[in-house]
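Next come two complexes, and both contain subunit A; in the first it sits with subunit B, in the second with subunit C.
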Partner chain A sequence: MKGFTLWFTGLPCSGKSTLAKHVEEILLERGVPVEVLDGDEVRENLSKGLGYSKEDRDINIRRIGWVCKLLSRNGVVAIAAAIAPYQEIRDEVRRWHDRYVEVYLKASIESLKERDVKGMYKQALAGKIKNFTGISDPYEEPENPEVLLETDQETVEESVNKIIRTLELLEYIPTAETETEYSADEEEKIKTRLKDLGYI
Partner chain B sequence: MAFKLFGRKTKKACVIGLDGVPYTLLKSMIERGVMPVTGEIISRGSLSSMTVTLPEISSVSWSTFMTGKNPGEHGIFGFTDLKDGSYDLRFPSFRDLKTETIWDLLGKTGGRSIVINQPSTYPAREIPGVLISGFVAIDIEKALYPKKYLASLARARYKIDIDTEKCRDNPDLLFKDLDALLECRRRVLDELWTKEPWNIMEIVVTGTDRLHHFVWDAWEDESHPHHQDFLGYYRKVDQFIGYVYSKFEREDTPENFFMLSDHGFCQTKKEVHINTVLEQHGFLDMETGDSADLTRITENARAFALDPARIYIHRRSRYPKGRVDERDVAGIKEELKGVFESLADDGAAERRPIIRQIFDADEVYSGPHAAMGPDLLLLPNNGYDLKGKVGGSTMVAERRLQGMHTWDNAFFFSLRNDLSDTSDELQIVDVPWKILRSVDVGA
Partner chain C sequence: MKGFTLWFTGLPCSGKSTLAKHVEEILLERGVPVEVLDGDEVRENLSKGLGYSKEDRDINIRRIGWVCKLLSRNGVVAIAAAIAPYQEIRDEVRRWHDRYVEVYLKASIESLKERDVKGMYKQALAGKIKNFTGISDPYEEPENPEVLLETDQETVEESVNKIIRTLELLEYIPTAETETEYSADEEEKIKTRLKDLGYI
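Our next item is the complex of A and B:
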């Protein structure tokens, strides 16, 4: 099993941590070694003390990217869930990797405000939180993500399926073990239809 | 401070698939005044004849259409394959498609699709938008993504297909069921048109293929008791096309209107059983028994066929009882070509060659999955329906169905002349890229 890095990028509350957790569970079920580097957790340890200036944000992303690189080259799937608002630094991290999948969680500010149970958007809009991405700090949309999720329109299940399907198509992860796509009854019906139409 | 705005794709395209409708038949229907609405639309755009991928069957053609790739890349070579390490048949599903669909590609740019009755997408999986699988779908729940539209399908009294078993020998029931099927497609289109944002709306009419298989004679013979019924069904298809177009005309980019078929059709004269040809010429050896499948194959067999005319060399490296070494493959292919080049219908008034062209798989397939496919593909002359069935006693037999597929004489229509191709070299693999271009998605 070759490792790779799966990077979730998107505005605050777009669903990065939630989806990272779901994907982690599925990969573990399939016997794939996984580590998740969640942006909030990283700021409590690896990047403790860093602020939210562009410089500090870049340092934070480089640190996460570096750890992802080490993990992935040792056969681990490294999942990063961090805003990573700047294209340039995302591109830099991508260049460090042989196998890299960027997942962009797209959602309107309106929907994120509604989803934000901690009221961070409200506070940012009121000027109580400074350098808040999407409100008072920029977020540069990824130009060419491998996976685009519209998390204000999709269910979690739909988004997770989209990611897993992409990883399967890239042959980065094994396909789910399924006995068969069709039940025995369905196979018989399909056979009958194909016979009726002269195919077999 | 400048922010990049979240943009949503706004351009739209509408695609109508007419399963198995030949270019020449469509033109004839228009010229005769059977399809006036379609004729009027087509007069404003560009209609082209088109060839499809090989073999010329829906599962392969539609997989090519939905991916813009050849079978060597998308991995679908027929309605049937053999299970790994065995000679039992399996039926490739949507999960076997090895590459992304045009709906996935559109989705990457933020676009969404609504796809109704698309063959070879069963069981339905997630796409950015809505997918209702067509043939060979069985269970409506498994044929739908996302499931939240089950109620919409129920309201539309949606059916996946006609009852082929009952309809094949009962033309009255066939015409009744075909009408009902077209109606339920229209109802579900109405249900979904405004329910979801979309950029590509695609709907496939498969009743045309069923009609052609079962009562093609009624088209060729004006005195046939069902000739008028045949034309009557096409009148309804014409109304259906007009209905869809009239809805699409009200959208912002009505010029992005496309139609296509997945193969042509012609009258069947005889069935030709390729495995029987192989047996009688010493390439296929079977143990005696009743089972009409390849499980009786022996180690002496050098080749076998899967439907319709995909020939596989019985390689040691690929099959449990295979004994052909790689170094012998080229020689066996040449022997096989000799047999099929001289294969003729001796029962016809004039001795007629059955095979029009023999393709080496290397000529027609490329890509990482080409090795999963057959070694040779046979293309028949019109009228000779090649079959991969096992256990036939005669090489050339009476036909069971009236119509058969053709590789060429499919059609593509684009209302936009800049996305048309009248070069006589248009292939189905080119079509999806044109549709994607119409909504600003590059290849």
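Our next item is the complex of A and C:
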């Protein structure tokens, strides 16, 4: 199988790690080799010492992107779950790849604040955390993500299905033999997105 | 195929990058997926900003080791060509792996100085380069490398053959169908080493 990189970008608490794990599980069940590069784990193993300035964030994303490139060109599905707030660097990493799928996890600040068990949004809104993406640090919304998830309006299952169905339609992964859970309406939306992006 | 990590350790100019490239070529010819993580390239992509203190060197080696782990557990042969002067970190990286082959490129300082086209040894010996491994910075010789190369006494071809033959005997790579170039004497030495290490 040819590998590819699946990049989950979105604000803190938007569900990147959770969805990455679910997608990993499904791909492993289908016999696809997967590595998840999760923001926190990567900060420990690749980027200790880097902070949250634009420069440091860019370096961090490039490092993750570089590892994704090495993995994906060797037949592995590399899943990155990292905020990646800047369009320019996301595009740079995309250019390093043959097959690259951007998944944007869109959610309102209000919904993220509610979901945030650690109370980081509250602290950031109170001015206690500097460089907190979405509050005291920029997040540039992806312009043309292959997958658009509205994680404040969808269930985890719906989001996961959208991703998996997109990968199937791109023929990046084998189609499941079991019955699918997608509504005709959802399938139509996914196809329209991929058509608009020139994939199908 | 199951992946593994092949780590080339040795002093500057001992031949790590050169041998890594030769081995990469042979493995690719045999249909084995390979990634070479070369010291300089890694410094650019993973470790920009790190210096040459023990602490920074250790971080650099751990990062390379972490990427090797991700690659090798997904069926890729990860070849690291990096000085890795400290035994403790080499052993730590080894422990992260299921299959790990250490290749020690042994050569006298005198021979390295002659080989050094950039004149770095000369400068280091004159006290002009700080933290130059082997001169003004430590290099702890590997205690039990799977492959011992004496690159000041062997041709590149002999060194490459030793590595490839070791990998064949370990059954980490398929044996070549073409005639081999190893002398009975050399083969005996390789087997003795692998027996001493408990492999065969």
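Rule of thumb we're sticking to: the second predicted complex is superposed on the first by the 178 of 200 C-alpha atoms of A that agree within 3 Å, B and C clash if a C-alpha of one lies under 4 Å from a C-alpha of the other, contacts with A are read in each partner's own complex, and residues count from 1 in each chain.
By definition in this document, contacts are C-beta pairs under 8 Å (C-beta built on N, C-alpha and C of every residue); 3 or more make two chains touch, one makes a residue touch a chain.
All figures in this text were calculated on a predicted structure; none of them were measured in a lab.
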Next on the checklist: By the touch definition at the top of the document, which applies to A:Asn161: first (subunit B), second (subunit C), both, or neither?
Outcome noted: first
Next on the checklist: Tell me the contact category for A:Ala126 with respect to subunit B and subunit C: first, second, both or neither.
Outcome noted: neither
Next on the checklist: Quick one: is A:Gly198 in contact with subunit B, with subunit C, with both, or with neither? Answer first, second, both or neither.
Outcome noted: first
Next on the checklist: So in the superposed three-chain picture, is A:Ser108 touching just subunit B, just subunit C, both, or none of them (first/second/both/neither)?
Outcome noted: first
Checklist entry - Is A:Leu28 in contact with subunit B, with subunit C, with both, or with neither (first, second, both, neither)? => result neither
Next on the checklist: Which partner chains sit in contact with A:Met1 here, subunit B, subunit C, both or neither? Use first/second/both/neither.
Outcome noted: neither
Next on the checklist: By the touch definition at the top of the document, which applies to A:Leu169: first (subunit B), second (subunit C), both, or neither?
Outcome noted: first
Item to check | Partner contacting more residues of subunit A (subunit B vs subunit C) | outcome: B
Checklist entry - Residues on subunit A in contact with subunit B in one complex and with subunit C in the other? => result none
Item to check | subunit A residues touching subunit B - in the complex, by the definition given at the top | outcome: 106, 108, 134, 136-141, 145-148, 150, 153, 155, 158, 161-162, 165, 169, 175, 178, 181-182, 186-187, 189-194, 196-200
Checklist entry - In their shared complex, at which residues does subunit C touch subunit A? => result 33, 35, 45-46, 48-49, 59, 62-63, 66-67, 70-71, 74-76
Item to check | Touching residues (chain side subunit B, partner subunit A) in the complex | outcome: 1-4, 6, 57, 79-80, 89, 91, 93-95, 98-100, 107-110, 123, 125-126, 128, 135-136, 138-139, 146, 161, 164-165, 168, 197, 209-210, 213, 307-308, 385, 387-389, 400-401, 404
